[in-house]
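Each of the next two complexes has subunit A plus one more chain, namely subunit B in the first and subunit C in the second.
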Partner chain A sequence: MMLMVQDLRVTFPLDGKTGLRAVDGVSFDLAPGASLGIVGETGAGKTTIARALLGLHPPGCVQGSIRLDGRELVGLSEEAWRAIRWRRIALVPQSVGTALDPVYRVGDQIAEPLRYHLGLSPAEAWDRSLELARRVGLEPRHLRAYPHQLSGGEKQRALLAMALSCAPDILVLDEPTSGQDMLSRARLLDLLDALCREGGMGLLVISHDLAAVARLTERVAVLYAGQLVEVGPTAEVFQDPRHPYTWGLLHAYPDMSTARDLRGIRGAPPDPANPPPGCRFHPRCTQAIDRCRREEPPLREIGGRWIACHLGGLQTLLRAEGLRKTFFVDGGEPEERVEAVREATLDIREGEVVALVGETGSGKTTLGQMLVGLLPPNGGRVVLEGRELTAAKGKERRAMMSRIQLIPQDPFDAVSPRLTVAEMVREPLDIQAIGTPEEREAKVRQALQTVGLPTSSDFLARRAHELSGGQLQRVVLARALVLEPKLIVADEPVSMLDPSEQARVINLLKEIQTERGLALLLISHDLALVRKIADRILVMHRGQIVEEGPGNRIVTRPEHEHTRVLLEAAPRLG
Partner chain B sequence: MGVGRRAFVYLLTFWVILTLNFLLPRLLPGDPLAALLDPSSSDYVYDPQVRAALAAYYGLDRPLPEQYGRYLLGILTGDLGRSIRLNRPVAELVVGHLPWTLLLVGTALLFSSALALLAGTESAWRRGSWADRGLVSASILLANVPVYFAGMMLLLLFGARLRWLPLAGGRTPFARYPSALAAALDIGRHLILPALTLTLAMLGAKFLLVRNATVNVLGEDFMLVARAKGLPEGRLKWGHALRNALLPFVAHLAAHAGMAVTGAVFIETLFSYPGMGRLIFESVTARDYPVIQGAFLVVSAVVLTANFLADIINLHLDPRLREGGAVG
Partner chain C sequence: MRRLGGEVWFGLILLALCSAVAVLAPVLAPYDPRAFSGQPLERPSRAHPLGTNDVGQDILSELIYGARVSLTVALAAGAGTVLLGLLVGGMAGYAGGWLDQALMRLVDGMLSLPRLPLLILFATFLGSGLPQTIAVISFLFWPTTARVVRAQVQSVRQRGYVRMARQFGASHPYVFLRHILPAIGPLIAYGLVTSAGHAVAMEAGLAFLGLGDPLVKSWGLMMRFALNLPGLFLTDRWLWWLLPPALCVTLLILALALMGIGLEQNLNPRLARRWR
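And now, the complex of A and B:
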């Protein structure tokens, strides 16, 4: 093992207070010639780790252990660090624009470490830097130029040549692609990729550019607020993220190949000077339990992946196994039966948006009603948060059903036309007998505000026929929200609305879903509409789920015949 | 801006100064030159020869454009007018005094700059340490001590009390030197106190400037990168940190060249040093207008030249100021 980082902690002194713990107990290894990515949002502590590896923090800030071929580096004197820097570990810094000294020629700055570390003469060092420049795709004129005369991409290359000058054992790249236009970014990635393939050098890529990390590294570590939350093989982690934060990060990432709109993780990263107790992700986590608020989850190996989560990672919220439903047409002749749903199996994870698409009559609504417990299946089972809904009875069943709310296709299926707006929204609370009348009133107002409706007494007293289609749909949504469900099943929630109102309600649904950390099963015949917000798409055909996959994959590379038919039927996909 | 354009700007500035120098005496209320020629004035010049020279030089009876033309022509040929007090050409007086001032200011500039650069960089390198804090406080104090007070103290201590150094003058009066070395030693001994005073007067501000500029440079990303490259401390401190801090320092030198000369006026007076400052002081006391004007002109030219030199130096120090953007 070449580089071993154990329980690395970096604390910056703050006036008066205990200090800012920018990196808090990070451990990782890097074998010779191996590559590791560290990903995370801005401020997660990525650059702080990079600097710690070169001993650039003020003395006393760094605790824990950094071992290079067994030798402890933490606590080395500045003099001892000098021998490690650049010869063993070199860095391509984050701030490309200001990383070169403005008063010296670029070539001289590339040659500088050669002269001081390898003792080359000025002429030899210059020759060597010409060679390095060629390797990174720079020309001699670039070496004679001053930094201000180079473009961002050229500077990045010059910094790379500089980092490679003493042939380090480990190369640390801090945000190698930031601030680059798409074209120079692509060229740089090709170049880095080629350099890695030459082999021998351990590579640490620190970035919030997930695509770059995916391209350059074998393993990846996900950093959140100074702590690692997930570590594993890059391809596997990106394909199948297990930690809720990794999952959210990947889904927040604007991917060139995704047509889906950007999905945020609710909330914001914590203030590093004042991190939340317990799991640092808990204020943003959709599946946090009490324990998460008290105890820090350790990084544990779970099925070949290292995950820091009390629940072992992202939870399956609802699981349906082999659901069947057969309807008998009038008279009850055996030949006259309709197999509406055949052996449907699906998972919905915490905070996930799943779309169930299929043409009219494919069994979507029937499946949705079985999932929420409104319709008993003829076979199979529904498991909600680990408990079997299909077997539950009485009070337990009612409690479980309040965790899932259905927004039916026709709003009038959900609400009675005789009720006022206030009564419609309050009804579920009344039925479940939750809270005092005042509390219910407050919840009703809050729910109406969430969906963007007025809470004036005039509006509260209106009845269904006095509302526009969009308003009524929002009232139904508010009604679904008052019980604070974990999952909303929305059956064609916008099919009755005009197109502009459709987009607005869909965006509202998405917004509420993100903010509240709900899971959402969106049932629709309109692939063009749902792909904008769906993380995953299920395609249903004749009572069966025929295809399932990430939204962008389904839209760009459909596998099932019927998915292609649906795609062609969606003109807006163009 | 290239050297050529800079030089042009400086020439233009000098021409404006020349013109002001021509216009100001003529715009002053009460016409001081007329007073010199007016027998009823208390400033009346009694020497008829001088009166004639004055009248010819200023040609006050002629039309303004013609006066201006003669004035410019005179300056080009080195004719700065005639001293009333000494009845000698002003140019001759200037030639006699200017080298002393250049020697004094040059020496003080050299020492104060070298000290400020050394101490400022070291202090910045150890920013926050006791040594740094001590030096900063001392410099603030030093920068606020009046020049003549500091000079007086030095004079009293080393000149009057300890008698190590001469009290006044630029050299021993009427001395005959057996060799050039002896001459240099004598001039050097006379130079020490005034040069030390001027050095101290300039040191505080210069030190603070270097220290703060270096602290700024030390916070730059390229310094972190230079450290990451594993370069030796000396290379970091002098090759990168000070090298970049030189840019604001040289700009400061240019901007404060005039201040150095003003400081010299006080000090030359105090130490009876035979430089331009003393010449100006004595001429002002004696209302020797032609000398005042001529000296003002020469001092302006010197300050402008210093500015120009500093500009050229900075052009060499900072590639970003040079012409031409992207390469090839």
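And now, the complex of A and C:
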């Protein structure tokens, strides 16, 4: 093992007593010729790690152990570090603009480490510089230029040439692609990719550019608030993220193959000077439990992946196995039965937006009603948070029902004509016996505010027939929210509204979904609509789920015949 | 709620009048109805506006106190009928499935039985107290109500908001009391009024046949005593002895029937158009 980092902690003194811990207990290793990506949001501590590897922090800030071929680097003198920088570990820094000295020619700057570290003569050094320049795609004229005469991409290449000059064992790239246009970024990635293949050199890529990391590295470590939350093979981690943070990060990343609107992770990264107790991600996590608020989860191996999560990573919120529903035509022959749902199996993870699409009569609504426990299935089972919903009774059923809510297609049918708005929205709280009457009242007002409805006493006293369809659907949404469910099943929630109101309600639904971190199953016949918000799409046809996949894949490369039919039929203007 | 029609108001006023008489009987009646306040078979006079019966009791007082009996029966038997009907029909309609099938076959069976002979049979065996009368009437008349209630419950049960309440974790009793009962409220009112009407007629009939409580003088019993007098129709005595209780029974039934018709129009807008 060439580089072994163990329990690396970097603390910057803030004032006399307290310190700001930018990196807290990070461990990883890097074999010769291997590559590792470290990804995370701004401020997660990525650059701090890079600088620690080069001994660039003031003495005393770095604790833990960094071993290079068995030799401990933490605590080395500046003298000893100089022998390691450039020759053993080289860094291509993030800020291209300031990393080059403006008063020296670029070629001289590339030659400088050669002369200084390798003791080459000026002529030898210049020759090597020319060769290095060629390797990184620079021409001799670039070497004679001053930094301000080069473009950003060319400067980046010059810095790369410098880093490569002493043939280091480990190359650390800090945000190699930041600030570059897409074309020069692509060329740079090609170049780096080729350099890595030449062999021998360990590569550490630190970036928030997930595509660059995916391209350059075999393994990836996800950093959050100074701690690693997930480590695994890059392709696997990006294909199937297991930690809730990784999942959120990937969904926030724009990708040409994504049709969906970008979604952020709710909340903001914690203040490094004052991180939350327990798991640092818990305030933003959709599945946090009590333990997450108290205990820090260790990074442990779960199924070939290292994950720091008490729950072992993203949880399956709802799982349906082999659901069947057959309706018998009253008084008809045995043949006259309708197999509305045949062996439907699906799962919905925490915080995920899944769309169930299919034409009328494909069994979508029946499936949705079975999932929320409104309709008993003829076969199969529904498991909600590890407990079987289909078998639950009494108190247990009541408790489970508060976790999952339905928004039906027809808002006029979904509310009692005899109740006022306040009574409608309060009903779930009454049933679940939550809080005092005043608390219920407050929750009702809050829910109404969330969905953008007035909370005046005049409005609260209105009845269903005094509201518009859009208002009523919002009331239904507010009613579904008062119990703070984990999953909302929305069955064609906007199909009875006009287009402009449709857009508003869908955006509202999406906003609430992200903000509250709840999972959403959107049942719709409208592919054009669902692809804007769905992470995953299930296609249903004649009572079966015939295709399942990420939204973009379903829309761009449908596999099942019926999906293509649905895509053909999707509305187009012009 | 649609506006109540004229016939409902007419019925209500009649019923209110009848109730007022029943409540204020001690004040209104000139004599204790059991007291032998005059000579037997007196003709109407200033002292006895409707004369006296064959044992010398004041007929007007009897008539006034009779309202109490008829209204008690109307209310109790009406409520009994509706309660039984609501219980069976509500259960059948809400639960569905085999329970629905079983209960509805029971209803069919009950409806196919001839009521009057059964009524007489029951009355004979159970004795002739007022509570027995009420029980027998309730028992014989609930199936009609049960059927109507079941149909309505079945339809309301499928409404989104009723099913949604289950989705919030509500128990079946909650759903039934909070959503289904209010939804079939008008139906219950209608059922109450119509079965009260039936009950009044039935009680009068039973009493008339001599199967009522001989000690509780209802209008039916008065008629029976009047008719027991040999040669009642030979004189004009029937005008003040037989006719007043008969008229009272008729008016009370009419009042209840009119209210029933009005409420039915309220339940079924299609009927309203035909009637108005």
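We take it that the second predicted complex is superposed on the first by the 568 of 574 C-alpha atoms of A that agree within 3 Å, B and C clash if a C-alpha of one lies under 4 Å from a C-alpha of the other, contacts with A are read in each partner's own complex, and residues count from 1 in each chain.
The working rule: a residue touches a chain if its C-beta (ideal position, glycine included) is under 8 Å from a C-beta of that chain, and two chains touch if they have at least 3 such contacts.
It should be emphasised that the depicted structure is a prediction, and the values quoted were computed from it without experimental measurement.
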Room on subunit A for both subunit B and subunit C (clash or fit): fit
Touched partner set for A:406, first subunit B, second subunit C, both or neither: second
Which of subunit B and subunit C A:301 touches, first, second, both or neither: neither
First, second, both or neither for A:374, with subunit B first and subunit C second: second
Which superposed partner A:117 touches (first subunit B, second subunit C, both, neither): first
Touch count on subunit A, higher of subunit B and subunit C: B
Contacts of A:415 with subunit B and subunit C, given as first, second, both or neither: second
Contacts of A:432 with subunit B and subunit C, given as first, second, both or neither: second
Superposed arrangement (fit on chain A Cα atoms) - minimum subunit B/subunit C Cα distance in Å: 60
Footprint overlap on subunit A, where subunit B in one structure and subunit C in the other make contact: none
For the subunit B and subunit A complex, residues of the former touching the latter: 220-222, 224-233, 235, 240, 243-244, 247, 317-320, 324-328
Contacting residues of subunit A [partner subunit B, same complex]: 51, 54, 56, 78, 81-87, 90-91, 93, 95, 98-103, 112-113, 116-117, 141-142, 144-146, 148-151, 159, 162
Residue ranges of subunit C in contact with subunit A within the complex: 159-171, 174, 179, 182-183
Contact footprint of subunit C on subunit A as seen in their complex: 372-374, 397-402, 405-406, 408, 410, 413-416, 418, 427-428, 431-432, 483
